[in-house]
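Shared chain: chain A. Partners: chain B in the first complex, chain C in the second.
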Partner chain A sequence: MSMTEFSPSIESRPTYAPLTSHGAAPAIMVADAAGAAALADLAASDSSVMDKAHVVLVAPTAEGPSQIQSLRPLAVHVTPDLDAAGPMLKQLLGTARMGTQLFLAGSEGLMGHMSALATAEGLPLDAIQMEHRGTIARRMQCVHCKGITDNVTTDPFTCSHCGLTLFVRDHFSRRLGAFQGVCVDAETPGVVPDSVEIRP
Partner chain B sequence: MTFQFNEETFRGDYTYFNSPAAVQRFPFPFDQDSYMYSVNIERHPGGPKGSPFEFAFDVDEHYVSEMKDREITLAEDPMRCQSLPHMELAGWDLLELIMVSKARDYPDLFTLTRDGNQWHWINKPLGIDKKFTFLDPTTLPCGPMEYITRQAQGDFALLHEREGNLWLDAGMITSQADWSLDFDVGMNFFEWHAPVPKARKMGVFDKALKFLLAVDQEQSYRRLNWTMTVNPRLDTSPENYHKWGPEKRTITPENVGAKQFLRVELQTFWRLPRSNALAFPIRCYLCSLQDLATVPKWGRRLHRVLRDIDPDLADYKGFAVNQETIVSYLSQFDDGAPTSAGIFPD
Partner chain C sequence: MNKLTLEVTETQQLSPLVKRFRFEHPDGSALPLFSGGAHITVEMPEGELIRRNSYSLVSDPYDGSGYEIAVRREDTGRGGSRYMHEKVSEGDLITVSAPKNLFQLDLRAKKHILIAGGIGITPFLSQLRQLDLAQAPFELHYAARSRKEAAGLAMLPEAAHIHIHISEEGKRMDLGEILDGQPLGTHVYTCGPDGLIKAVADQAARLNWPTSSVHSEAFTAPPPGEPFEVTIASTGQKVRVKADQSLLEALEAAGIEIDYSCRGGACGRCETSVTSCEGRILHHDHWLSDDERAEQTKIMPCMSRFKGTRLELDL
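Up next, the complex of A and B:
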């Protein structure tokens, strides 16, 4: 699966360049099953990028961990989901050296969530690289109840917390690592447009 | 200066009103018969005596009631006031700016006595008499930005300057035209304006940012912005959109004059001395169409502006659904006569 081409959008909507090697600098990499391929491509471009790399795999495929092992990183950590990956990333950042690079690869939800966590921990933005792979599902914040709904693929969608029907904006908060969802029938309660698949 | 503060509400029964004097001094935002984005920046303070531009921070008949409305909003949603950890010094800067300005410009209402860092602040309209130590947060009941902006009309954003950009890193936002501080806090100038249509392509934000970065302590500035709001509601937040949204559809030819309000933001820009942050107060003024039309020039002009506006802007400003009713109502005040230049009544 290759990198996703996103439609042109507004300034706050993130864009994702392909990952590029900083050589053998200390690195933390977080990838989901689809994103692991981006790490493999990165290592193929420069194998030294793995020399001091901790790789966190989120819900990988059965072969995922051994495939990444074969790239000879410093360590591979497997976590079942993003909720479990968060504390792992925090722990790694807590002991990371100056100049550590963070590589994120996979869904926008993973990249948004992990980059928000890393910047909150004090990592500068320019130390974070992201490459989108796989699902175009979005991580959405409900502007009304503030709840996060993960893996949103339709517009509008139902907030998994307050139940309001929300439309999917391109407005994105790096601090929250989420797009904004706003009540679609606020002015005309009950009049909801047909739900469509979101596009990249 | 003697003041009669209105007893009024900005929600529920909406008893908000403008006295005839308040209508006459309303900051009407259109200096000609048409509207398109512009940076439209002027020096501030400075303007005709009695106008909202005369003083640094205008205090008017709505002061006490607006502060009560802010209290209600904050009690329901404390996230309307946020300050990232590095912004506390900017909060003290803002507190100083507002206290010094108000005590200077409205000595009958506010007094500030300073002995080194031992400050004594008296706010008569709100019944506050407080001694505290400047720069010592333990001597205030809350952070300095929150403390002072609970006593100052309008929203306040504090912008941190770095990397050649301005970052929205703190704010007190309870009377906003449909944007979320909680979502936007931490964004840079372009990111937080991203949803505004057309303007980026027109280069408005590049020019505005360049200008703002050059603002220094010697001189502050202002601009006017506007939108339309149904009912005199300060809290038109996205957070509560599902609560106030239905009201937007209650406009009829019979009630439009009383229920449809022109909402004007007096935005000012101040460079803060210690933090080098930029303070961006956004003061909201509301006036019903029927009150505005008591000034013949404004009735004529508002009709022409709203009739001829770019449809994208009518949509963005949220009045497209009511535009026909509004324009048809205002047409009775437009006899086709020419209007004089500038924003003030003839």
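Up next, the complex of A and C:
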């Protein structure tokens, strides 16, 4: 599976570029099962990128960890889900020095969540490399109750916290690492458009 | 532009070349608060001329009882700092702009490193008070040639994270040592001579720092130079710029209003298009890119001058 092409949208909507190597600099990499392929491509372009790399794998496939091990990174950390990956990333960021490169690969939910953690630790957003792979599901914030609903694939969708029917906007919060969902029937309660699959 | 008329309530010679001024509201009312790194633009009327220079605020950003600036006397300048040193005394009324900030801290940083060369210490004096209040980790490095010239010494608190580098005493600042091994999420801020700003940026690049973690402020007062003349495209009016006047000041004196903010070539507000140029624009700003400079189709009137036969401005 290769990198996703997203249709042009508003400025707010994040776009992603292929990961590129900065050589054997210290690195932190976070990827889900689909994103692991982007790390493999990165290592194929320059194997030295793995020399000082800590790789955090989020819910990898059964063979994922050994595939990444074969790229010979400094360390591989396996976490069951994004909630567990957060503290792991924070710990790695907390002991890293300036010059460390951060690579994120996989779903928009993963990249949004992890990049928000990293920018809160002082890393500028433009210093974070991100490559989208796999699902186009979105991490959505309900602008009304502020609850986060992960893995949203339809528009509109139901907020998992307050139950409002929310329109999937391209408006993205870098601070929260989530797209914004806005009540779709606020003016005409009950009049809700048919739910459709979101597109790239 | 939001202006304030304030009273000079204190002056203090900090070093042979640097003088501190305190301004307060004549009726004692509170002034707008600001953020660390902010500056004000001070009006210096002399005869028909009004010079305006921007100076960093050196007082506490959370203290509205007054504003303080520290002015280094530039005897080869066009007269603004000399005016402050010689003509301004306690009890005078002075017109200043409301504070503006082109050099603010990135408060998401995990740690801040402030590097000052000479009079470049001024914006950091307000920033370090803000950092202290926010209890944000920082270190400040202040480099000066000699202790006598280091006007900042009188205004800096003594603390373990405030480092003084006096080159005359053999304590030169080692940028590699300062920047190497800093925690991820550190931001560095430099104010001082262009050479220092470039040296910090180069060192940070060598250590793979993201460019957006590297901040600097270099604005200075406009330099004097040879007189020249510009033509206003819309009216054909010719405006003469004196040796000790900036182009912006000459345009203002001729009744041509241009939007401005920093008056030091840093903010980009006064950018003006050039419709005809026979000669060479002497770019002194930090705003235009190298390509834009080479094209000679834009000029920053606050800083830049001209040498040649004809310069026509799109005004």
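In this section, the second predicted complex is superposed on the first by the 200 of 200 C-alpha atoms of A that agree within 3 Å, B and C clash if a C-alpha of one lies under 4 Å from a C-alpha of the other, contacts with A are read in each partner's own complex, and residues count from 1 in each chain.
Here is the rule we use: a contact is a pair of C-beta atoms (placed from the backbone, for glycine too) under 8 Å apart; a residue touches a chain by one contact, two chains touch by 3 or more.
Quick caveat, the model's predicted, so the values are computed rather than measured.
Look at chain A after the overlay: chain B and chain C clash there. By the touch criterion defined above, A:52 lies against neither chain B nor chain C after alignment on the C-alpha atoms of chain A. Set against each other, chain B and chain C touch different numbers of residues in chain A, with B touching more.
When the two complexes are overlaid on their common chain A, residue A:124 makes contact with chain C while staying clear of chain B.
By the touch criterion defined above, A:25 lies against chain C but remains apart from chain B after alignment on the C-alpha atoms of chain A. With both structures placed on the common chain, the touch criterion links A:188 to chain B but leaves chain C unconnected.
Counting contacts as defined above, no chain A residue meets chain B in one complex and chain C in the other. Of all residues in chain C, those touching chain A in their complex are 106, 108-111, 179, 181-187, 207-210, 212-213. Residues 79, 180, 182-187, 190-195, 200, 238-242, 245-246, 248-249, 321 of chain B are the ones that touch chain A when the two sit in their complex. Chain contact summary for the complex, chain A toward chain C: residues 22, 25, 93-94, 96-101, 119-124, 126-127. The residues of chain A lying in touch with chain B in their complex are 10-13, 141, 143-144, 146, 164, 169-171, 173-176, 180, 182-183, 186-189.
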